[in-house]
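Consider the two complexes below, in which chain A is the common component and chain B and chain C are the respective partners.
Presenting the complex of A and B:
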């Protein structure tokens, strides 16, 4: 019997990936999706009435395809019969629907793409991306039943992330002074969107394995009680990577997002305020340094402090956005009634990627903006709840980190639009135009859905001989 | 034309209203979920799930809510009685100190095993770890919610 105990531990048999189909109704999700569909139809009628002067749907085909896809996703999840979260999908569906209405209403030639000989405008391209994102989130939410592929290969993922970053540094194309886009053959995308997911996976793995060390051991530096210094190395490395992203990629937003997510997850894992304070000090030092040394950053900060110094040049975007919010007022001017274009161009440059919140703020008013921010809060709340109910540290940290990525990103760009923070080039999750952004955020939602299913597979046993365990045995000896 | 504008205005407000109705419904569902979680006893810092038990006492699949100090062994005075020929009368004790669980082997004859390794003295036990006493295999899990 004792020799038995030394044999490798067998896990209970896993449920097969394809078993008998046992549908499980999801009435809450169904009701909420119905509400989303009604709201979107009313929104489309409002848009159509403003633009065309009669009460009819603005773009019947696009809207119906989107709504049908939502219910198809719902049906697929019912058939799969998993007990996953029922609130995430409708919430994200409403954000995506607002995005669709906005893209239908903007000038269609902002983005054009030719696929299979057909020319697609902004709204159609965005609809294709929305459908792909929906399919991706649903598939991951149904199929992923084990987190082992994320948990076990965390350093591999980290290496892949760094590789992606390096690829962008070397081969990235510079657009508007930011080196963000990576083009591989016909496919182009923004790796930083995928990178944020990889970062969360790595941090969740690293922190869940080393949490005990970070929490329980101290080394004193002056008046501060710190975790053992070697375990601070990743923190410093993270800081350095963020700085490198700012210097080489000139991507303030991604740097802010990565460092913010890192600090939040560190705090969630250790509950040590000292780490967060040190991180913030590092952050302030780094920002001050950057603002002094790098022209690109200094311009952004100057615009932030006083956009009206150069209202027709550098500050143009921000000034126009502020005017848009002001025109919106409390209730907004109505979908389709905002200033569509001046001399054939939208008044806010890059409105579909960087300033969708300003456009929605103009047309839906502050009430609309608050509702949109509320929807992001709902996503974050679900993530925190899923994390709190998760079976072990890795899943907790993963769920919390994933939802914080979306929340922080929405905060950073919303604050940039409202001149609360310097403007950065991150996208507004689920609303901005863009395939990389939509797909990466769909990946996040899919993973959250998969994590919210309780008790499909118990978390795997920690590897025997991990650092954590060695310390334990040393303590016991 | 005035009628048209009036109706349009109503449609616009209806759209905003529907978005808020959605938020209201969602928040109500969230609150219900939180209240349900709060009602469930959350005072247990962990639970022990029996994975395998050849003797049938305790039965496989059972889940015990753990107290801060939980004794395990063959003796009936233990909180979790392990009726197994390879378990000692007072075999081991699980304690919750600070924020984590520890297992202490009470110098049992056949020892306690964490993830297949024999415990000497006191050893930390993480959530998800497997504990074996005699032929009974158990897994430590978080308390429900």
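Presenting the complex of A and C:
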């Protein structure tokens, strides 16, 4: 809905809400999905051969359901006829498929859940989440044709996000010393996964609206040339929120992710390196302070500096992950042949959530790890490309922010697995076990798909004299 | 006033910057994966903390260890949880085979051959293909040159004494017995139910039963070291078998004056004023003759020949060994001696000289094998289901002295056991009906304690098939305690089919 009469702009014909559906073939996506299916079948046969000693699929039913769902998603998008990105889905589908194979070969009793009176094991629960995530991404990719609901209500979203955070602080369950999980009846979830999407939406809205001011106006503090100080308020607020997350939730990973996404979006929007440097300094100071004051954080840092100091105690998890990479070597030991069990358990505690990269590193080798890292870079590359081609700053920043969320999160947990950074409890997108993570990342992929379609409702015209800008002018005058 | 067009500044440049930073960060991750997966992999994969090593140790039954006749020395049992643990043939082999415990780690052969016994180590080719099979592990059974019967007899011979016995075949280096006392019950350490109590009890014991004395015990050698001096003297051509020292008979009464220190002897009544040659001096164990030989040979030659027989370094062996020494090497004189007094005393084994029983067996083995030293070894073959049998053949440590020189020492050592005067010292070492060579030692420890009782020797002297080194800690004279033990054990081996 365009209400600004002062700017007569000719609009392209809008597709109706339920217009005539013109199927549009997506051959690239089809071919890539075919490759993914072949790769997964080969992987499953390799797994079956190793574990059962038979030359057959390891878990025929689960794998076929997953591959069928991939092609169903593809078919739905063909029928919907949108010109959305064709590489994102196959890339993410391969990551999800690897996740399925990994969960199938881990002990199934790592996770059990009873749904509708049936007891499901690890791989089955993960498959259910994968299918839900796929459905979610596909639906959003097909249905969302307008960004008004995100753009207009950004402060509402931000408020909802803060509310969610507060709920977690108050009602969250403490697991392994971290207060991350919110339980609602039988369903539990980690709100920080959803929060990261909300954060990107809010930042995209805020930065796109105030970009010119942040770029073009200066306020001087001594020798430093800074953007107008009132506009730095959100940055300080973000810093505070990140610290609060660390203090109350003891969730280093989420804090690192939020702050990293915030700084990189700020840089993309303003091109001001000084802001990033100040932000980094603030973050390092905050981290150092936390490391000194909070035992949980200090332990993590100590383990990071020398996990081999106590290889069978505090450093056990990290050391065992490094051993897994070492056993894997360049080519890996093969799917199903790694992760030697000690007393019936995998050697790395929490391997399915925190250390899937180490497990895949052992079984697929460094080549496998590099390939997986490459897949994340492909996702980021598609997202950045979608951002670069978007119609306005909001959509650009939204796409860039969403892809950076995936990229940064993958980096943070992979770096924790490889002892490049202290270990934090964020999930490896699309691979780690867990519903919250899969659904939140599916939301990201769905939004990126929707954003990649240029034939949608055009962005609203810039609102000349928005509320924030008026305040800004008043401040500057 | 900002127009709609002017407001749009490209984001492309900064986006590319972020993309570059992220790509570099991911490159760093790939490098880290390479570091752990390739550079550090050899260290990590063999570490006892590696999950594969731990898991294999618990679930895969270790390879069996057998003696030279096929008797199983180390077997496996399963506990209530289905985890495998070790059971050993007896206490007699604990110092050799060691133990493998889930709690207390590994010792002995269980430690040195841990990778082979758990089946992790193999040749690169079969390892490369192992990943395609369901069974990753290929535990190898070890066959030892050790004789269970001889080992039992050796431990029984030492009885309640602390001590060690090494028996080996001089032609092949195969170790036949490697006894250390007191010994301990390795099965009780391997059994998860009794491990804690047993191990803590042993650790607190003053007798140090966990110490494998035959390989890690370092003792004052006393007169058995004279054989080293003879090897160095003949080898360096400083003496011949006929060399006599004019000043020797005269010094017997009041001792030989070396730089103000008197080297004394205890045998002069029986030889009187006769100047002794190599055989005569060895027969009566003449300290003065060997002190003079050592001084003429020189510290550099003495240490050099000792090192060629394995001194001053851990011996190449299947078990960890302590390094034996002629001197502590802190002196400025050739070879590291402080002065001629130390050199003279070391020449008959009473200075800063410390030796392991295994090292002294190698000295005797050098003489027995006509001057060529064979590397000692325990494991003669390894058999894996997948990799098949690999035989480990004999290996030479090099020729130390000529066969002629070795024969001269051989003759002297026969005289020490069988000669008219030698019989008075070491007749107990004689194998009935077989020419026996040997040298006893009575190592003075200073103070009032009883001396260590030593014997090294071999038989049959004409064609030696067994070498023995015996040390009994603080038991008295070598000829009285160690020599009869050696005689009995060589007799058992040569005649009793042990």
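In this text, the second predicted complex is superposed on the first by the 446 of 477 C-alpha atoms of A that agree within 3 Å, B and C clash if a C-alpha of one lies under 4 Å from a C-alpha of the other, contacts with A are read in each partner's own complex, and residues count from 1 in each chain.
The criterion applied here is as follows: contacts are C-beta pairs under 8 Å (C-beta built on N, C-alpha and C of every residue); 3 or more make two chains touch, one makes a residue touch a chain.
Here the structure is a predicted model, which means the values were calculated and not measured.
Participant: Which partner does A:28 reach: the first (chain B), the second (chain C), both, or neither?
Facilitator: first
Participant: Mind working out whether A:441 is in touch with chain B, chain C, both or neither, as first, second, both or neither?
Facilitator: Once the two structures are laid over each other on A, A:441 reaches no partner at all.
Participant: Just checking: does A:192 make contact with chain B only, chain C only, both, or neither of them? Give me first, second, both or neither.
Facilitator: neither
Participant: Touch check for A:168: first (chain B), second (chain C), both, or neither?
Facilitator: Neither: A:168 stays clear of chain B and chain C.
Participant: Please indicate which partner A:84 is in contact with in the superposed arrangement: first for chain B, second for chain C, both, or neither.
Facilitator: Neither chain B nor chain C is touched by A:84.
Participant: Check whether A:388 is in contact with chain B, with chain C, with both or with neither, and answer first, second, both or neither.
Facilitator: both
Participant: With the two structures laid over each other on chain A, which partner does A:424 touch: chain B (first), chain C (second), both, or neither?
Facilitator: Neither partner.
Participant: So, does A:264 touch the first partner chain B, the second partner chain C, both, or neither?
Facilitator: A:264 contacts chain C only, not chain B.
Participant: Between chain B and chain C, whom does A:334 touch in the aligned arrangement: first, second, both, or neither?
Facilitator: Both chain B and chain C are touched by A:334.
Participant: Would you please give the residues of chain A that touch chain B in one complex and also touch chain C in the other complex?
Facilitator: Looking at chain A, the two contact sets intersect at 7, 49-50, 53, 212, 215, 334, 365, 381, 388, 392-393, 461-462, 464.
Participant: Which stretch or stretches of chain A touch chain C in the complex?
Facilitator: For chain A paired with chain C, touching residues are 7, 49-51, 53, 211-212, 215, 264, 267-269, 271, 311-312, 319-320, 322-330, 333-334, 337, 339-343, 347-348, 361, 365-366, 369-370, 373, 376-377, 380-381, 384, 387-388, 392-393, 396-397, 400, 404, 407-408, 411, 414-415, 418-420, 461-462, 464.
Participant: Considering only the defined contacts, which chain C positions touch chain A in the complex?
Facilitator: Checking each residue of chain C against chain A gives 1-2, 4, 7-9, 11-15, 17-19, 21-23, 25-26, 28-30, 32-34, 36-38, 40-41, 43-45, 47, 49-52, 54-56, 58-59, 81, 83, 131-132, 134, 136.
Participant: What part of chain B is in contact with chain A in the complex they form?
Facilitator: Going through chain B, the ones touching chain A are 4, 7-9, 11-16, 18-23, 25-27, 29-30, 33-34, 37, 51, 86, 98-100, 110-111, 113, 115-124, 126-130, 132, 134-135, 137, 139, 141-142, 145.
Participant: So in the complex, the part of chain A that touches chain B is made up of which residues?
Facilitator: 1-2, 4-9, 12, 28, 31-32, 35-36, 38-39, 42-43, 45-46, 49-50, 53, 55, 86-87, 90-91, 94, 212, 215-216, 331-332, 334-335, 364-365, 367-368, 371, 374-375, 378, 381-382, 385, 388-389, 391-393, 458-462, 464, 468-469, 472-473, 475-477
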